[in-house]
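Dumping the structure here so I can ask a few things about it.
So that you can tell them apart, the chains are marked A, B, C and D in the order they are listed, and the count of residues begins at 1 in each.
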Amino acid sequence: MGETTTVREATYELLRRRGVTTMFGNPGSTELPMLVDFPADFTYVLGLQEAAVVCMADGHAQATRSPVIVNLHTAPGVGNAVGSLLTAQWSGAPLVITGGQQVRAMITASNWLVNVDATKVPEPAVKWSFEPPRAQDVPAAIAKALDLAQAAPSGPVFVSLPMDDWDQEVDVDVVEDLAARRVAHRAGPDPAVLLELCEALDVAEHPALVLGAAVDLAGGWDCAVAFAEKTGVEVYTAPSAGRGVFPEDHERFAGFVPFAATAVAETLAGHDLVVVVGAPAFTLYPYAPGRLLKPGTRLVLISDDPDALARAPLGDGILSDPALALAALV
Amino acid sequence: MGETTTVREATYELLRRRGVTTMFGNPGSTELPMLVDFPADFTYVLGLQEAAVVCMADGHAQATRSPVIVNLHTAPGVGNAVGSLLTAQWSGAPLVITGGQQVRAMITASNWLVNVDATKVPEPAVKWSFEPPRAQDVPAAIAKALDLAQAAPSGPVFVSLPMDDWDQEVDVDVVEDLAARRVAHRAGPDPAVLLELCEALDVAEHPALVLGAAVDLAGGWDCAVAFAEKTGVEVYTAPSAGRGVFPEDHERFAGFVPFAATAVAETLAGHDLVVVVGAPAFTLYPYAPGRLLKPGTRLVLISDDPDALARAPLGDGILSDPALALAALV
Amino acid sequence: MGETTTVREATYELLRRRGVTTMFGNPGSTELPMLVDFPADFTYVLGLQEAAVVCMADGHAQATRSPVIVNLHTAPGVGNAVGSLLTAQWSGAPLVITGGQQVRAMITASNWLVNVDATKVPEPAVKWSFEPPRAQDVPAAIAKALDLAQAAPSGPVFVSLPMDDWDQEVDVDVVEDLAARRVAHRAGPDPAVLLELCEALDVAEHPALVLGAAVDLAGGWDCAVAFAEKTGVEVYTAPSAGRGVFPEDHERFAGFVPFAATAVAETLAGHDLVVVVGAPAFTLYPYAPGRLLKPGTRLVLISDDPDALARAPLGDGILSDPALALAALV
Amino acid sequence: MGETTTVREATYELLRRRGVTTMFGNPGSTELPMLVDFPADFTYVLGLQEAAVVCMADGHAQATRSPVIVNLHTAPGVGNAVGSLLTAQWSGAPLVITGGQQVRAMITASNWLVNVDATKVPEPAVKWSFEPPRAQDVPAAIAKALDLAQAAPSGPVFVSLPMDDWDQEVDVDVVEDLAARRVAHRAGPDPAVLLELCEALDVAEHPALVLGAAVDLAGGWDCAVAFAEKTGVEVYTAPSAGRGVFPEDHERFAGFVPFAATAVAETLAGHDLVVVVGAPAFTLYPYAPGRLLKPGTRLVLISDDPDALARAPLGDGILSDPALALAALV
């Protein structure tokens, strides 16, 4: 090793360089070593129960379209957060959850505050769950967590951090390389597939656009408006969208696709082509048997979530960031 | 099938026959079909956030030494409970957690209120996590859950229950057989091993007894007092015991084994034989290097928790229900 | 329900319409109901141990760039396959593994041939693991499995199938909708990010291209050759690539990036820009401390695998299908 | 720390002191550091595919009623073993599986031979799965694994071992304490419950004893013969018992309880009390609806497996080591 710094210094420098200086949390004793000499250029937003802390961070991440650190206590603290993490997963909030862990020497014998099976506690609410095998790997684990949280479909990830790791030494160069990395997380539509969709839109007599929360999360609001104005398509909000997706006083706004299965087909009955962007097709409740769309209505779903694309009961699908797809359509 | 009844009727009859008529919960729409025609001889204790609901049930189960049903909402409801479930696991409370699930026809496409990966949400806080493969298997799943929750070491289990299962028909005879079952969950010490321990206690000059919460949870309070009075052994409370384990004004009561690793050896220094019953040996905090006991002090641990027996850093172990072991020693 | 068919008929029709008519397998009694009246237009390739069966299917899927069904026996059969599934995951083979399961009525009591915790057996070698909550959901589960296996990064998925599901009735229209679906699984680079890379390539004095197996898996061989010939870039094969990625007698072919960490920097020392496509950066063995690249060499990684993008120790990343990225660069 | 030794020396000394000097395995490069200077008093039985290696170890463990180390290669090696591990779990073989892992510094970036999600690969075939958080914890992890493998119900456990841990230093005293530990893993029946069973046997007109493999695994063969000769009870072998449980030429031997559900009730029809020891009640195949026993036949199940006790569809249960229960009955 060449020049070294502490894991604590290295981690804050990494976060600073990646532009992540807001933390939400409800710390206990296992988190205190991480918070010693808390940097003045960071903001720590304290909450008193983890269910609320994660919701606050979820809203902040959605509003700023940026990753947020959520600093939670060992097992019970992380456990209290699981319900809100499932919601954050649904809303696509890129949260990096840190859970304190006992000092490494006490973990194997399961002493007080040991997070036994630490990486399992937040599953299946997170995309990645990891406890670094050495103190020196904490910065790399946080760096990986930041990128995975933003990878499509964005959402929470978890890193378990033993409390004696923060004072260990780590190579400055390793952290410099990690801090300098930039990953472009958004991928656009296959050009050949997009062309087919454009042709289908051209020949459609009465196309509709149904937008979900992921459009605005990806920054696609303006593209959606531009596309609607250019093509005259009618625009709907998808069922159970968690945020506004289109100006509801716009003349192209046609209303909300209802939540009840039976009513979806009625609402979209007049359209020969329905393009859903950034939402599952569809999220329904309560149960009502019957086909989602009337014969004669073709469905195309554009999403950056492979699960949403794979589980739709009918229609075609295109993998793409919602905003990049709308920009390409425009 | 012969005579049938609904899954709902069958399940309440099973619970009634097993003596489990108290439920704690915070229901949502996925739980309503279970609660239709709620029987007058059952008590439902409502709480408004799952972290509190589980703690209430935990206390009730410990105080009554009986299984309790905890009726939670689908994914976010169960998720909110995970922190308290980890605590209930630590305290050995035999909780049967039920989590509502969407109607079966909506699960595969992940609609609103679907508990995706339902059985994983409460892991690793539960010993068993199950979603029945058919509505007709709900009573058998609940019956199994009741017994597994009480099996040593007692603790929470989870059953995911699709909301359209409750009105389905199930064979009356199947439920009658399940309701009539009685399992003896407590096992005692190997007689040969117990004899060796008695001989060791006889020759010990200054033995000590360290009692944990599992002694009282198993109903061993009176046996502990009788043993102390018969043998004159000094009695300590284990570190971080979650409840009283011995009358603290009794003349044989010698105090509390401290929580800090360094102080354990000091406290138990004068004893040549330390018998720990119903607690890990030991649960410590904070970290302090050094041997738990001074040379010359032998440790024997009696527990019904194989993990506690396996993870102790030193000493011998005996698998047994704590109360049966104390009764046998007396 | 309108017109119905059996789950068996529906599933084979779905596979036929999706173009998946080759199955590899080693069936036992739990698979026999699936194989009754095996359709004449399907091919079943029998193997006698699952480790080999999966490898055969892996090779077939890679060579044909298409999903393949792998038909395995309940618990021990699926268990025998896990090692080869981890390899298939590494090679990105879109395998849909089916595991037989006992009849639904026998699962809860864990009888002979019950795959207890069926969905956990192949984890973490699969991206999705599912047991349908009803027989009627088998076609939708297989449809979802086919698409998820192909979603980037492509790889194995698992569906557990109770043996009494095959004769149940399912709605013909539901299956028709599932069979007609087409999902475009490949996404291309963000145009703005690609432009930056083009500019970087223009100004680079001595750029290099390092290609991994995913390039050829995505059908990018010709694009890679075209790009090399157009730009004169030197082309290397990535460490531990599982297949040929570039004509090794081509004048632009510069050799293999070595497997040993210390030698990577030496090999790529003369290049000021290294673009890795379709491989991690880098997969190394054995351990050798030290920076992967010499100062002055910039690394850009293009991959459709968010994990590979997130875990690289240095350099920038671009999410994209490897072949679409090379096509766009050309 | 006081006097130290290497993790390798410490681990072999621990195994030697616990009487475990036979290893089965199929090593690769990640296992070589563990096998350097392999001690002359240990035996290494080499196999060439892990499915066979585990079966050999399973048989050895059953025959010797002792824990066995199974030394497997990282991810694909452990993966190949999962099918046989599920069988070993069924047979109750106390196997300690070791899986090699890459050097700690290479794990976070997922290089070649990294066992990503190492602890998940053998789940759910093992009772405990662990990767030590430090090299110094390897002996404690192996010690815990030895005891948990033998804890009722006995079966496989897994420990993932980074290949650079073996040359690290560990405190001699820590290992000495671990090596000296002895845990009594067998617990006997609750005396009050046993008394009730004795009374029921006394008044039964035509009792039967059904024995499973766990009787012989626990060393209860002689007790079973003694009990049968003393009481004149008819003795059957349980369905799908994996080994002989009673002398089949003995005059009290009444035959095998059949595997098919419908035939169990016929076989046991004449008995008013059936006591099953050391087997589930019952493991059946294929599916056949109907009650397991005729009206008038009472079932009592004695087992050290809480899951077998909890999942039986009818009858009462007693938690106990099978051999201790038979000894107490005698």
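Methods note: contacts are C-beta pairs under 8 Å (C-beta built on N, C-alpha and C of every residue); 3 or more make two chains touch, one makes a residue touch a chain.
Everything quoted here is computed from the prediction, not taken from an experiment.
When the C-beta pairs in contact are tallied for C-D and for A-D, the bigger tally goes to C-D. Each chain's centre was taken as the mean of its CA atoms, and the one lying most distant from subunit D is A. Between the CA-based centres of subunit A and subunit C the separation comes to 23 Å, rounded to the whole angstrom. Taking each chain's centre as the mean of its C-alpha atoms, subunit C lies 36 Å from subunit D. If each chain is reduced to the centroid of its CA atoms, subunit A and subunit D end up 43 Å from each other. In subunit C, the residues touching two or more other chains are 105, 108-109, 140, 144, 289, 307, 311-313. Looking at the complex, you find that subunit B touches subunit D at residues 1, 128, 140, 143-145, 147-148, 151-152, 173-174, 177-178, 180-191, 193, 289, 291, 304, 306-307, 309-321, 324. Listed in rising order, the residues of subunit A touching subunit B in the complex are 29, 49-51, 75-87, 102-103, 105-106, 108-113, 116-117, 120-121, 123-125, 164, 239-240, 259, 280, 283-287, 289, 307, 311-313. Residue ranges of subunit D in contact with subunit A, taken from their complex: 104-105, 107-109, 130-134, 136-137, 140-141, 144, 162.
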